[in-house]
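Should a chain be cited, it is by its letter among A, B, C and D, assigned in written order, with residues numbered from 1 in that chain.
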Amino acid sequence: MISLGSDNHSGVHPQILTALNNINTGHAPSYGTDPTTVAAKKLFKKIFGEHSNSYFVFNGSAANVLCLKSLIKSHHAILCAGDAHLNVDECGAPEQHIGCKVIHVNTPDAKLTPEAIEKHLIRRGDQHYSQIKVVSLTLPTELGTMYSFAELEAIKATCKKYDLFLHIDGARFIYAPYVLQKSMQEICSGVDALSFGGTKNGMLFGEAVVLFGDHPEFKFIRKQTLQLPSKMRFLAAQFLELFGTDLHTDIARNGVELAKYLESKLLTVPELRITQKVQANSVFVEIPQKWVKPLREKFFFYIWNETTFEARLMLSFDSTKEHIDAFYDHLLTIKTQLRGEQHETRSHRDRQQQH
Amino acid sequence: MISLGSDNHSGVHPQILTALNNINTGHAPSYGTDPTTVAAKKLFKKIFGEHSNSYFVFNGSAANVLCLKSLIKSHHAILCAGDAHLNVDECGAPEQHIGCKVIHVNTPDAKLTPEAIEKHLIRRGDQHYSQIKVVSLTLPTELGTMYSFAELEAIKATCKKYDLFLHIDGARFIYAPYVLQKSMQEICSGVDALSFGGTKNGMLFGEAVVLFGDHPEFKFIRKQTLQLPSKMRFLAAQFLELFGTDLHTDIARNGVELAKYLESKLLTVPELRITQKVQANSVFVEIPQKWVKPLREKFFFYIWNETTFEARLMLSFDSTKEHIDAFYDHLLTIKTQLRGEQHETRSHRDRQQQH
Amino acid sequence: MISLGSDNHSGVHPQILTALNNINTGHAPSYGTDPTTVAAKKLFKKIFGEHSNSYFVFNGSAANVLCLKSLIKSHHAILCAGDAHLNVDECGAPEQHIGCKVIHVNTPDAKLTPEAIEKHLIRRGDQHYSQIKVVSLTLPTELGTMYSFAELEAIKATCKKYDLFLHIDGARFIYAPYVLQKSMQEICSGVDALSFGGTKNGMLFGEAVVLFGDHPEFKFIRKQTLQLPSKMRFLAAQFLELFGTDLHTDIARNGVELAKYLESKLLTVPELRITQKVQANSVFVEIPQKWVKPLREKFFFYIWNETTFEARLMLSFDSTKEHIDAFYDHLLTIKTQLRGEQHETRSHRDRQQQH
Amino acid sequence: MISLGSDNHSGVHPQILTALNNINTGHAPSYGTDPTTVAAKKLFKKIFGEHSNSYFVFNGSAANVLCLKSLIKSHHAILCAGDAHLNVDECGAPEQHIGCKVIHVNTPDAKLTPEAIEKHLIRRGDQHYSQIKVVSLTLPTELGTMYSFAELEAIKATCKKYDLFLHIDGARFIYAPYVLQKSMQEICSGVDALSFGGTKNGMLFGEAVVLFGDHPEFKFIRKQTLQLPSKMRFLAAQFLELFGTDLHTDIARNGVELAKYLESKLLTVPELRITQKVQANSVFVEIPQKWVKPLREKFFFYIWNETTFEARLMLSFDSTKEHIDAFYDHLLTIKTQLRGEQHETRSHRDRQQQH
């Protein structure tokens, strides 16, 4: 079955799997002192700057928690969008691991603004109140929207003004440099920590915690948080392939182009309503309730909003134009079919009413 | 370089890597609802019994913490051997994640006994004292020793008598059924939780938490502890290959046979002293201090005890007789070389003394 | 200075202080095995029923955290009103001690409803989402409002229907039986845990955790959470005095009657707006901004809402009609004075405008 | 009954209770901004130096945990004596609240030494191992022994050399300046945090966290750890009385003189063995097993070691020479009585043997 459910429904990009196969020779030290990991860390310094320090971990939830745990203490609070993964999809992991409060802002497009941040900076210095100390934004957001570079700069300025740390949840960060046409380093200038995604971008598993500045104690925190991979070279090799070549750009281009192509197709169907700007690799669209079930018989996707039947359609590194065309055709078939049924039903009803 | 450092210095067993390559087709649901994971969980029920429930996680530290977290609360204590990984190699993870105390027993062979357990069951019911509630033993131990089946049964009886849970840290559990000639289920009868190792036994990554009995809340605990892999099929496929075939037995046999072969070679060198029974895939041996550095120039291994120069030599799935022969030859060369130097030094000194 | 700031601005009720003086003779076992504590626990069984178990702790934040920690685990969530103390006034203590998420509902009167509870029961069973498992309501609320008995019963039914625990934050619980004209036991029927306040009701310090049902492990949790008082008899003696006599009813009557008297006086001043129903010992009132500063020169109170200048005026066991009359007179004086100044300013401005 | 069980079996020193009665007038701000608390904090600056910052909390367990939590993180370890309260009498509170490991050293007199500390500083920088970062010593120790000033200075030098923090658990700290004839400030020079006891020294409740250096975030940690007393003036008033007058010296003198007097009496009884140096307010003595039960019928005390029948006899602010004389007389009576019974038994046995 073709899935439009999530970019973690796809497997491993063939190029990355080849890299995994190639690295599987002989013995190497574990826990990150092997040459492949050393090379990958060097590559990350090149990408993010000499002042950055990158650490590989197993998954995105861990990257988020570890970034934030390295920045704040338990009496602090994290400010994020209501839709943020770390607010609603981590089963309370930030609260559990950091012991802190997560305060959220509900916004229509899952994007924070300087005004929203400022509005929540209340009771500073009041010992009875968790002190907001870090702003976490998702880039691109959970709704497939992208902060403009100017919007990012405004948030950075706000964080600086109020002495707040800035964290980016970048599970799908590869789309940002492609869409914004800025280097990763430009985007991250002024950022304190980045959760840098691999799994959703074609890797078998693996994310990176990128910390801007020195955190000599981080290695202990990672180990204690159960995120020190022993055969580290197999993470490093994937990152080297994904970011040491143009592969990340290729994947980003594919995701964005296909999302826009999907959007263009859906716009031709008047019963559908695109609900969010299409700026990364997903399309959010309201679908007539009756279409959902038959549609999902051939294509898997999630219903994001159970009351409006807003669906999230997500493209992956292995998504193709053919997938979208097939989805579109299936959708039109269902539309026709249901209209027919509706007519029948109506005719039937009409007949009944004639009695 | 050939490593005798750890069984996580080797890469992925070719058979397992092939399984990973084979599973990499098309889309599959994430987080464990895919068919491969369903099949692997079914296999685990077959291995450990219908009342068992298995959950895949990223690494061994996590398996340990999650097993224990599902059994006890923060006012309880874990009793384990002083050498246990969870006492000295988890950077305090049990304390951090469970909030409990870890109480250890120092024993010469890293094995617990009913007497040692009973001796520590003090102040039961005293609200000022952490209450020991789970016994954790390592099988095989950190010192390469193996509990006999009778010893295991005695500990199980002690745990039952005092209403204690029993946990097995089985990072290298595959050696237990091979050495004890008992099924995994026989060994685990009376056990409450098992950390079931994959990484050190030829997998790229992955361990299983095997819980005996129902723990409906476990899935939340795993997720919150950052151990829910998204592309789960890639873990499941490795487990299916390792335990759905004879591969685990083959690997265990190779490890044990080579360890015994290594032991037999070392026994021929009077300067060496084997310090522990060789019952799994490692040999602990005291080495003359002067030999250590030149030995490590060609073969990597860890010095377990910095004062006695006790070395841990560990075999892996990809270790061979040829590795051991080469190590042995290198050792003899060094011995001869150093004896020569010593002679020289002595001669030199003798000459000096003649003055 | 007279304070209308909080009922913890007053000292110790003389009757309670006498009890403290009386208990100060000779030696007694510590940590709760003394006869005074035994007597107080017996009294609590009489008040709350034989199935209840009461434990004395130092303060209200602790009572809240300990009640909740004895009911839920870290992957659960607490549902409470946005204004609830445990949401905004505990510096994130529930998150830190339980590791769980606190989810809040914003309501105009700080009261939860069955509808509000049901609306938040989403994603049940979804491992990515913190599972709401306990509802915590404040009685009376932070806004001085009181749930009716019928409203309480409806919430109890909702909790039962959805298998949720019910906790009452009763820092000022003494007002509930007096206002609702129900026994404490009637009010608590169907409740799982009650934070039972002493400090704000005339005690020097001390609160009780009242658990309905057996929690044999609670004593360990209390100790570990640093809430086991050593000279326990001095807590017990206060509770015996407060609840073994009519003192708690007298204090509740005084608080409610004075709050209503204060309300009646304020209603005569058209510039003021009472914002909440007066149902316990506080009055919430919007005050013209210019009056605030001079008013606070003689009477201390908190501004609850910095944008609307809504003040919280709170009565205590030692508040008197004379205090209120003095406050009212001071308020009228300020009103007159400011009107004069305003006239002057206006006249002055008028004169200026003549230029 | 007279208790020799613990110095928390006594009540409140009359002078302190008077201070409590005196402070109970009118309204005062809560949470520490009242004039009494301000005065007490000023007094503490005078005692401990301008660079010290003192915070009042409810009990000793909390003082310990808060001192340590303000110094270290979860991947650190605390090093203390095996007998230390924080190792065996806090129900795992340090592990729970800080998430760190507690590593203990078994010593005959509960005193740490530079050698013992150095010996445990292993695997520094190794990410798999909890890093010892703070040394906690108890002054006087749990065994009633006192570090000499030179011993303290040596430990301070060791901590400085290895970049370790130094914490003193001073639940009975008042005995240190009296015995060592040094000022509190001299004793604390080079110390980072002190748990400063009140409850065991005649207060109703209350301890102080004394931090040397600035910890601007401490107030949040205290609140979040549930240790912010609302009617703070009643803690401050007790401290003002205890340390603003000579009361603490008087209590210390009484405790030490009576302990030495008790020791001198016990030394006259050859069946008894004093096991520890008497240097504070307690005497540790091995008692013939048969004497224990009858002795405890009139005088309460704890058996410290259940196998050797070592008892801990502890003096309090309200202990008197008469108490000791009565205890001694009772002991002699029991001795005589049991000798008689023994004779009888022996005679009886002898008679039996004659048969």
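For this structure, a couple of remarks:
What we mean here is this: a contact is a pair of C-beta atoms (placed from the backbone, for glycine too) under 8 Å apart; a residue touches a chain by one contact, two chains touch by 3 or more.
Here the structure is a predicted model, which means the values were calculated and not measured.
Path length between chain A and chain D in the chain contact graph, taken as the least number of steps between touching chains: 1.
Interface comparison, C-D versus B-D: the higher number of contacting C-beta pairs is recorded for C-D. If you average the Cα atoms of chain C and of chain D, the two centres end up 36 Å apart. Taking the mean of the C-alpha atoms as each chain's centre, chain B and chain D sit 42 Å apart.
Shown for chain B are the residues that touch two or more other chains, namely 74-75, 90-92, 96-97, 127-128, 220, 223-224, 228. Note for the complex: chain D touches chain C at residues 1-3, 5-6, 8-12, 14, 17, 20-21, 23-30, 58-62, 65, 90-93, 96-97, 199-200, 204-205, 220, 223-231, 233-234, 300, 316, 318.
On chain A, the positions that touch chain C within their shared complex are 74-75, 77, 88-92, 95-97, 99-102, 127-130. Here chain D touches chain A in the complex through residues 31, 73-75, 127-128, 131, 217, 219-224, 228, going by the rule given at the top.
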